[in-house]
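Presented sequentially are two complexes of chain A, the first with chain B as partner and the second with chain C.
Entry: the complex of A and B
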């Protein structure tokens, strides 16, 4: 039997979970909406929250993260890995598009050489999804294999049914958490019908559509069409925001910082939009802007499908909403010439 | 070359974490040219020094602590395991810091990474090595490997060039190979000086004159990108098929393990799927950004 929770009991629910988890919830305290440590009382995000500006990947691949510390003593250099953070994170309110993005990121960080920093946090975390009731004009999740209430990549999914949230128990981890949580009410047949109606309503509200059929092959065929890419890249100002705040972008830089003999090696988000990203002392394979824009588009819609059989875009719409010059990925994808018949 | 099975590659993680470096100590520094130095080094951990394995063609990430990390191929041969070597040209921030270090200094070392030259494929073949400048570094690992297992391979030709006589790297190797009757070497410079008695001419041109036979042969090419691009057509003219031409590529890298994103050529990560590729593979890459 599924459960439900009253909206006014959300603070109580999060308090209960805080005993076991480091609970993160949408917050605007830093100036932009992001998943942040829940302050123990504020649930006002239930009113303003559509999606965070900073994607939840930041909780697993932080914008800046210490990889290890180093210092030199009489014996030579000593390497000290960061203490393993024992706290388990619970992300409350993650949107289905962003949850799908996490599953897409897992593929890279699990691949060949496992990434210990990302996976340590990821494996212990619980994702509690919150279905969208009010998708943005820039959202196109229903074209990208997910939907405003898709439970596929979360442990629990909450659906807004008026004064309650209907709770869908998705994974064993989610079921276990609910079994240990007291104070939840049983959902009725009527609640289930309401949830179903909410799913349908939300689905139909996603008005932007993108046809990705044949995109992988067509991009491959257009790869050397310099005129096309010049046009696509024309208004881009290489600010990198569409990559830094993309929930499936994971590129990073590694650098050292030395303060009074105490060193830290850290990694930080980087972007294929920046020309320094690929610059070597003697040459740069992606000096021209159109090559960098091509890399961004093709990595998501061509190379990632080649490697993992999935498009590395979930239709969250951030790159459209946040672009300072209104560059629009859906327009770009739609403008790729259909050169291959029966393309996949 | 086929993307070798990554799970089968030797892995030596420090503290079970792929990003943590081992400490190595510089044992000897050779001034190859005014801008290029070879560093001989060994692991500080004696047990690791014994256990460490790598294959010709593989690279590693070297740290100058406080400055950062950069990739260089291991330029010594696995057949001579008493120490390891890499060579670096002073061109950027990291290599400048590296060139300020002396014997006894400690570096960080992560590796070995990447695939390697396919020894099984090279076995019994005539080998034509074509190198330019510091591009001889990865080739010399394989050349010494071949010389130390000389009966496994057929004819060995080496064509090596640099801009001027003082830019020739590994001159002690060039002399040794010149004396070695089982190896045929041609050395050339773009511009000679009064003392220079050898050939003058660009590597692709000298290769064309030397005209090694393509029959049962494999060419292994490494040098500046411009040299590589002009060498492939010459080899094709000599009858080499794209599958008979190997090279090793260089890109900006941070992680070395296919995560940080920047060394890709289309869907290929040079660090993880390379750095050794056949011309047949490169030709079919989605992107010509190599």
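Entry: the complex of A and C
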């Protein structure tokens, strides 16, 4: 039997979980909406939260992360791993689009090379999803294999049914957590029906649609259409917003911070939108803006499907909402020449 | 105004007077526009002029080859003039289509006033000095001083001085400096320690997306100092101290070029109040050198010339 929790009791629930986890919840305290350490009382996000600006990937692949410290002495270089943060993170309120993005990121970080920095945090974490009731105008999740209440990639999924949240226990990890959590109520048949209604209502509120059928092949066919790519790239200003704040973009740069014989190696978010990203001693294969724009689109809609059989976009809409020039990925995908030709 | 713009733009392309038109087209989200950069005369039909034409289109001039017809509000025209002064664009390659600008609506201010996100609003319309917002079927009215961008409230040149075709009646400036300078004033009221803490807090959010730099027409360096590795002036990762160095040097580099178009602050995805730095620099430039950027295309750029009689007490 499923459980439910009263909205009034969310603070209590998070307090309980705080004993075992480092609880993160949506917050605007830093000046921008992001997942942040829960302060022990504030649940006002339940009123304002639609989605964060900074995607939850930041809790696993931070904008900047120390990889190790190093020191040079008579015997050579001494390497010191970073202080381990043994705490397990519980992300409360992650949206289904961003949870799917985490599953997409896992594919890369668990592939041929197992990335210890990412996986260490990721494997221990619990994701508690919160279904959307008010998707944004820029959202198109229902076209990207998920939906505003999709439980697939979270451990627990909460669905708004008025005064309560209906709790879907998705994974063993989620079930275990619920079993150990006291104070939850049994959901009734009626609650279940309400949850189903909420799912349908939210689904129908996502108005932006994108047909991605065959897009991988379309992009392959139009890859060399320089005129097209130049045209769609014209207004792009080559900033890093759409990539750095994309929940599925994972590129990072590595730099050393050096102070007299010792230092720290950091990795930090990087973007294929930057012209320096591919600069090598002899050449830069993506010197021109249109090549970088093409890379961004194709990585998500062509190369990722080739490698992992999934499009690396979940329709969260951040890149559309936050773009300084309203460069809209859905319009670009729809206008790929091979696609337009095929539709005729 | 819009009809005239479309006709003029189409004619310019048809008659071969320009190779490109840069203007604004409707955006894909509510209350947005998007830069239209085109060589196709039929695209002229998409051109719009409305209270949401936010971008500073002068930013695109340095990367486009050929003759350009460009839609310009007052701030854009100043950025264009500044680029001419710096020899980045040639006046003879431009046809400036001047828009006498009544100010642009800051959606973030409206969101704060009505407590809803922009996509939850039904309509935003402007009538003279008032803006009405329709939300949940109800109409709320606000004076423009509450809803225009701060930089628009400080605007000294709503109508371009330098232009070829003017679209509509010229408008006179009506600055509301007190309202527009509020955030800078509150920073100035702080003690140095408080101000330092405030900037630490603001700049800790920076993710180094460089949107502030890339959207800025005055930031036209081929290679930005943050990308230099020998010497490395600042690390490319977002330590707040490195972010601070980036902003300080960027501000010094655009001193005398920044026209207070406010784009850096508008586009910042993490809400860093960047105009508090740029406007302060703009005022310092005005005070120290009696110089206003982008006003006179024949004047030498501020930072590249020096006159004997310039007082040396500048080197304090």
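Annotations
Rule of thumb we're sticking to: the second predicted complex is superposed on the first by the 334 of 344 C-alpha atoms of A that agree within 3 Å, B and C clash if a C-alpha of one lies under 4 Å from a C-alpha of the other, contacts with A are read in each partner's own complex, and residues count from 1 in each chain.
Criterion: a residue touches a chain if its C-beta (ideal position, glycine included) is under 8 Å from a C-beta of that chain, and two chains touch if they have at least 3 such contacts.
What you are looking at is a predicted structure, and each value in this text was computed from that prediction instead of being measured.
Annotation: superposed three-chain arrangement on chain A; chain B versus chain C shows no clash, the two fitting side by side.
Of the two partner chains, chain B is the only one touched by A:115; chain C is not. Residue contacts after overlaying the shared chain place A:255 against chain B and chain C alike. Within the superposed three-chain model, A:83 lies out of touch with both chain B and chain C [touch as defined at top]. Within the superposed three-chain model, A:172 lies out of touch with both chain B and chain C [touch as defined at top]. By the touch criterion defined above, A:239 lies against chain C but remains apart from chain B after alignment on the C-alpha atoms of chain A. Of the two partner chains placed by the overlay, neither chain B nor chain C lies in contact with A:1.
On the chain A superposition, the C-alpha centres give an angle at chain A of 90° between chain B and chain C, rounded to a multiple of 10. Closest contact between chain B and chain C, by C-alpha atoms in the overlaid model: 6 Å. In the superposition on the C-alpha atoms of chain A, the part of chain A touched by chain B in one complex and by chain C in the other spans residues 253, 255. Residues 6-7, 14-21, 23, 25, 44, 63, 65-69, 91-92, 95, 106, 108, 224-225, 250-252, 254-255, 257-267, 272, 286-290 of chain B are the ones touching chain A in the complex. Residues 27-30, 32-37, 55, 59-60, 63, 117, 119-120, 201-202, 204-205, 207-211, 213-215, 227, 235-239, 263, 266-267, 269-272 of chain C are the ones that touch chain A when the two sit in their complex.
Against chain B, the residues of chain A that register as touching in their complex are 67-68, 70, 72, 76-77, 79, 81, 108-109, 111-117, 220, 223-224, 250-256, 258, 263, 265, 267, 270, 272, 277-283, 285-286, 291, 295, 298-299, 302-303, 306-307.
Residue ranges of chain A in contact with chain C, taken from their complex: 30-32, 50, 53-54, 63-64, 134, 136-138, 234-235, 237-241, 244-245, 253, 255, 257, 266, 268-269, 271, 274, 276, 289, 320-322, 324-328, 330-331.
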